[in-house]
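A, B, C and D are the chain letters, set down in written order, and residue numbers restart from 1 in every chain.
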């Protein structure tokens, strides 16, 4: 018998975890699209702070990893609340970009 | 025999597609962490524009889906170039949040 | 007799113009701090798009000027609605930074 | 005899202070347009964090004032380095908006 949780793709699985996390804290009422969008802006700002002075060596990997995780967590939670099918949206956008920006070997005579 | 591409998780699969996409256009030289970060800022800005006047009805679903896809695409491409293991970083951050914010039923007597 | 409008500093003068502009269009109801903040995010995103691929020559000056103007307009309108005294806040922050970051000649023996 | 510093408008005056501040710390080499743009993104992110959970009462006024000051400081410093004439750019943008969005009394019969 199929196990729905096991057959889920990664975005759906993370979104389910984030939903449970929010529900266990009575937070879904705070998780509106606009609130999550502002939270995403805050996390992108924290990632920007690591790179703003153009450091000669990359910022500490664990700091970068944590800020990237925060960006992805809020983007995925936003998508869940806003009703966006993430795997479909990303696949469609990549397909559209393939069409908009032909690869080099298609442009040469 | 295992098929590496099939056993990949979703972020790794999307990152591989984006890498191929960039290479077919000779774009990897433009895909530095800072450039991709500024591109991410641009996409978050486009998502914000859909919500900025607090519309009484949600913005058009296909527009929201496209902007969310752009945010995720640049976040995943950034993570690839910056050497972040996305599934690990997200799992660790969720685990850390579980610890930092105890659920309600753990706080009641 | 003093002319209040003439003796105003630049931020107060721009804020007065933006207030009149909004009122003439029945827009003050849309100009909440959160809405203006999301609009500011959108404008910062547009400025970022001009610089995201690290162009070898600067972006077109008129495009840069227009996006900077949009950023300042929303920041000043936000400040007005949120009740921030801009000239005081900026002067205080610069004074605080002077203290936090001593200049080089104060650090040398 | 005219005093150039006294006759300066507020943006030029603040930009002059910020320039002196940077020079006294040997920081102009870090103040490229892209670096300042990423710093601006960081400050907008900090402002967003104050509003992200849609607080029932406004955030602490001194926190809001400080973050708004940081946004304006980086926007003005960016404009100086990028060669944007701020008072001209803002005046032109407001004039353009007057034209693009006719006021209500001009639209009624």
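Rule of thumb we're sticking to: a contact is a pair of C-beta atoms (placed from the backbone, for glycine too) under 8 Å apart; a residue touches a chain by one contact, two chains touch by 3 or more.
Protein names from UniProt, one per chain: A, B, C, D = Nucleotide pyrophosphohydrolase.
Not measured: the values here are computed from a predicted model.
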item	value
Higher-contact pair (C-beta pairs counted), B-D versus A-B	A-B
CA centroid of subunit B to CA centroid of subunit D, Å	30
Approximate Å spacing (C-alpha centroids) for the pair subunit A, subunit B	3
Multi-partner residues of subunit B (at least 2 other chains)	34, 37-38, 41, 44, 48, 51, 54
Category of the chain touch graph - line, ring, star, complete, other	complete
Touch list for subunit B against partner subunit A, complex	9-11, 14, 17-18, 21, 24-26, 33-34, 37, 40-41, 44, 47-48, 51, 54, 58, 61, 64-66, 68-73, 75-76, 78-79, 82-90, 92-94, 97-98, 101, 103-105
Subunit A-touching residues of subunit C, taken from the complex the two chains share	34, 37-38, 41
Complex contact set, residues of subunit C against subunit B	30, 32, 34-35, 38-39, 41-46, 48-49, 51-54
